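Going by the order they are written in, the chains are A, B, C, D, E and F; count residues from 1 in each one.
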Amino acid sequence: MNSHPPNHEHIDDQMVKMEVNLDNIPGEWLGYVMDLLFEAGANDVFYTPIYMKKNRPAILLQLLCSLENVTKMKDILFKETTTLGVRFYPLTVHRLERVFIKADTKWGPITVKEGILNGQVVQRAPEYEECKNLAQLHDIPLKQVYEQVWKSLDTKE
Amino acid sequence: MNSHPPNHEHIDDQMVKMEVNLDNIPGEWLGYVMDLLFEAGANDVFYTPIYMKKNRPAILLQLLCSLENVTKMKDILFKETTTLGVRFYPLTVHRLERVFIKADTKWGPITVKEGILNGQVVQRAPEYEECKNLAQLHDIPLKQVYEQVWKSLDTKE
Amino acid sequence: MNSHPPNHEHIDDQMVKMEVNLDNIPGEWLGYVMDLLFEAGANDVFYTPIYMKKNRPAILLQLLCSLENVTKMKDILFKETTTLGVRFYPLTVHRLERVFIKADTKWGPITVKEGILNGQVVQRAPEYEECKNLAQLHDIPLKQVYEQVWKSLDTKE
Amino acid sequence: MNSHPPNHEHIDDQMVKMEVNLDNIPGEWLGYVMDLLFEAGANDVFYTPIYMKKNRPAILLQLLCSLENVTKMKDILFKETTTLGVRFYPLTVHRLERVFIKADTKWGPITVKEGILNGQVVQRAPEYEECKNLAQLHDIPLKQVYEQVWKSLDTKE
Amino acid sequence: MNSHPPNHEHIDDQMVKMEVNLDNIPGEWLGYVMDLLFEAGANDVFYTPIYMKKNRPAILLQLLCSLENVTKMKDILFKETTTLGVRFYPLTVHRLERVFIKADTKWGPITVKEGILNGQVVQRAPEYEECKNLAQLHDIPLKQVYEQVWKSLDTKE
Amino acid sequence: MNSHPPNHEHIDDQMVKMEVNLDNIPGEWLGYVMDLLFEAGANDVFYTPIYMKKNRPAILLQLLCSLENVTKMKDILFKETTTLGVRFYPLTVHRLERVFIKADTKWGPITVKEGILNGQVVQRAPEYEECKNLAQLHDIPLKQVYEQVWKSLDTKE
């Protein structure tokens, strides 16, 4: 069992990848299915364009979830998509420790997620939703908000 | 060994995914390879566009087959594609119980494959080849045949 | 000038396609840009995965808009993406006449958009947002709502 | 008007590209639509995976045809797909002069299509269907047939 | 004729897009073709994955060039790829005025390309090759160089 | 441990696939990351276009490496990309025995890599870099060099 809290650097072996090939579903249903899977606890859901037999453009749906959520995911896939089978792959995930800091911009603070590898900050990702909100509130380009965040952060040594 | 007959809801752990990256094969050969793999017993074969080193657009060929067919598949991959290696991944498949019913359209009956999860019908897929044949025979749009099939089926409760 | 009201079958030659190649923008900004372009009046916006020089996976952004919206679109592209140039292509669009009808399901009515070609109904598309709302309200699969809609519609003659 | 017979090097300005975005059609219908469009005289039909609004994976259908076939193509697109509009782009095509020669393999002759630019052979494409037939008849890999063809051809000077 | 020097905001209508569909060429040749086209003066070259008839995964090659380079491009396409025809589309490009400034990082200066729309700086792109050289020289992550550049630039008002 | 030398037909179970989803990294960094991973000993690195939540076009980076290189790869992924987690999948690779022979062309010799399955030559791949060098040195199309190579090789029996 994985006893580390999720925000410390650790190896997680309680994950599974689920996969279905879909060649008989309209694309507009797939946008909806993605939302349902995230709401039900999927760690990630993504679509890859594939080509199947009989000249069919199709979609490979992949999702990542913890073992405890497998049944919920499977139910959504069978009820909301058109698949008759779901594939499961075991996997292991190495996750960085995550720390949240604040960056000051002239429009207000933005949370920045830092990823730490062996005690060293290797990632700094401004929170998208906060940047987007500032951009809309002040009617400025989103990229300008990100530039301000990077400007305000100390550069890594 | 998997002792369930293939049309009942079950977990199948006698499957393998095989994978090759192909950056030095013409696309027209790949259409042919797909046919050969299906004829030799592959459960599914599909292509994903990928980008490889040196600016090469390439194709990831993936196939799913039962363990007993692995050698046949490998032989086709080595003889008909340009790969020097084939990758294998273990996987588990959850399959729905499948039942075949008939739907009546004004142009004749169409087989519909139902998928059953915990005793409940969750999938109803009209057989493509039959719909296509009716469409061609009566010179009507394929989607009209599907609409008639859905019209004739009782809605699920 | 195009004097036909937009819901009748007609040829529209007052449209333009705009295009930019993007190899130095994070994907999360692109989701935001799509929303802005739609809000500003784009008829459609879509992304195509492409491969550019130096092994760069990239995105081709394409949008369709009427001539009167070109400046607004261009401003968003230059301010919100990282491009230094925007390409324009003239095009002509043939649009079907559109009529909106109602379909009755046991959970309530759904609007269906019909497309008419030479006086004949050739398209019937249930409105996605209404189907989604019913599905969420009654906690049923989205595809079941669509099946009910098709069930309730008279089949085309 | 284009007065050159189609097998001589020439500029063809009697072509059009047609385009539709499809986010509400199952992939299995698209395989069928492609066949219909080719049978009705399309010069080429191809699918590109795109991403549309609301997280919808979708397909861009593009086809090339001569101006005289536009109405036939448009009718198929409106009747067999789910689109409410078709886009048209003017284009010009430069075509090579084509000559057909025979290559001898130990399993029999294969037609090779040559493309000629300014009097010089720049392309030599063995006919796929003939190569495929030989491969199946003699139970040999398709690539071996192609290798034999290249072996038998004089190298270009 | 386009009389504006290339670094001022202007409309360029002396460009053409060229396009070929390729389903019988190995991917490794395409990496080479891209280099040749750039060397011969293409403004851009990019590949899009497409699906063609007979289940063939294929590549759409697109390039942008000025009218004066069309013949050179066409020759390369006919000699180095397997196509028998090349398609041409007229287009218009709106280009931003470009100005080059310097950003100081602790490892040395980096050129930044600015794009100017109606007198306002809307783009600032650090030169990739210079950032890459610094990263390699000092054995630091590339993204750290970019972060330093953004840190050193004044934020836009 | 895998005790077979790498050029004999064998099963290699000392490999791992690593995978990250990237929706907040510019494409130009990804070209650089690919080079770093190959230099550090990756057996293969490739990119697949995917679609993630919130309408984000994104990239799935996949790499194959031996178990002994896992830490080096992980460090590069965490330091050079924007990911906070890396996924690992066990896999098994069947590799063909490889033999290198020489083909004579009128411009000089080219190495050809042969793949051998059960004692039979099933693959023959001319070395790309050598073909490219000859093409550039003699200013001839790359495909002409390959044609000469195939011409000079004995056809397989």
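Just so it is clear, a contact is a pair of C-beta atoms (placed from the backbone, for glycine too) under 8 Å apart; a residue touches a chain by one contact, two chains touch by 3 or more.
Being a predicted model, the structure only gives us computed values, none of them experimental.
Asker: So which chains are sitting against chain B and chain C at once?
Answerer: The common neighbours are A, D, E, F.
Asker: What chain is the most remote from chain B, judged by the mean position of CA atoms in each chain?
Answerer: E
Asker: Could you label the chain A-chain F interface same or different, taking same to mean over half of its residue numbers are used by both chains?
Answerer: Different; most numbers are used by only one of chain A and chain F.
Asker: So which has more C-beta pairs touching, C-E or A-C?
Answerer: So, comparing the two chain pairs, more contacts are at C-E.
Asker: Report the chain whose mean Cα position is at the greatest distance from that of chain D.
Answerer: Measuring from the centre of chain D, the most distant chain centre belongs to A.
Asker: Roughly how many whole angstrom separate the Cα centroids of chain A and chain D?
Answerer: Averaging C-alpha atoms per chain gives centres 39 Å apart.
Asker: Could you tell me the distance, in whole angstrom, between the mean C-alpha positions of chain A and chain E?
Answerer: The mean C-alpha positions of chain A and chain E differ by 30 Å.
Asker: In chain D, which residues are in touch with two or more of the other chains?
Answerer: 24, 28, 34, 47-49, 51-55, 57-58, 79, 82, 89-90, 122, 128, 141 - these are the residues of chain D that touch more than one other chain.
Asker: Residues of chain E touching chain F in their complex?
Answerer: 28-29, 32-33, 49, 79-80, 82, 128, 132, 135, 141-143, 146
Asker: Okay, in this complex, where on chain A does chain F touch?
Answerer: Touching chain F: residues 15, 17, 34, 38, 44-49, 64, 89-96, 98, 113, 115, 117, 122-123, 125, 128 of chain A.
Asker: Which residues of chain A touch chain E once you look at their complex with the stated criterion?
Answerer: Per the stated touch rule, the residues are 49, 51, 53-55, 57, 106, 122, 124, 141, 144, 147-148, 150-151, 153, 155-156.
Asker: What part of chain A is in contact with chain B in the complex they form?
Answerer: Of all residues in chain A, those touching chain B are 21, 24, 48-54, 58, 60, 74-75, 78-79, 82-90.
Asker: Where on chain F is chain C touching in the complex?
Answerer: Spelled out, the residues of chain F in touch with chain C are 22-28, 30-31, 34-35, 47, 49, 52, 54-59, 82.
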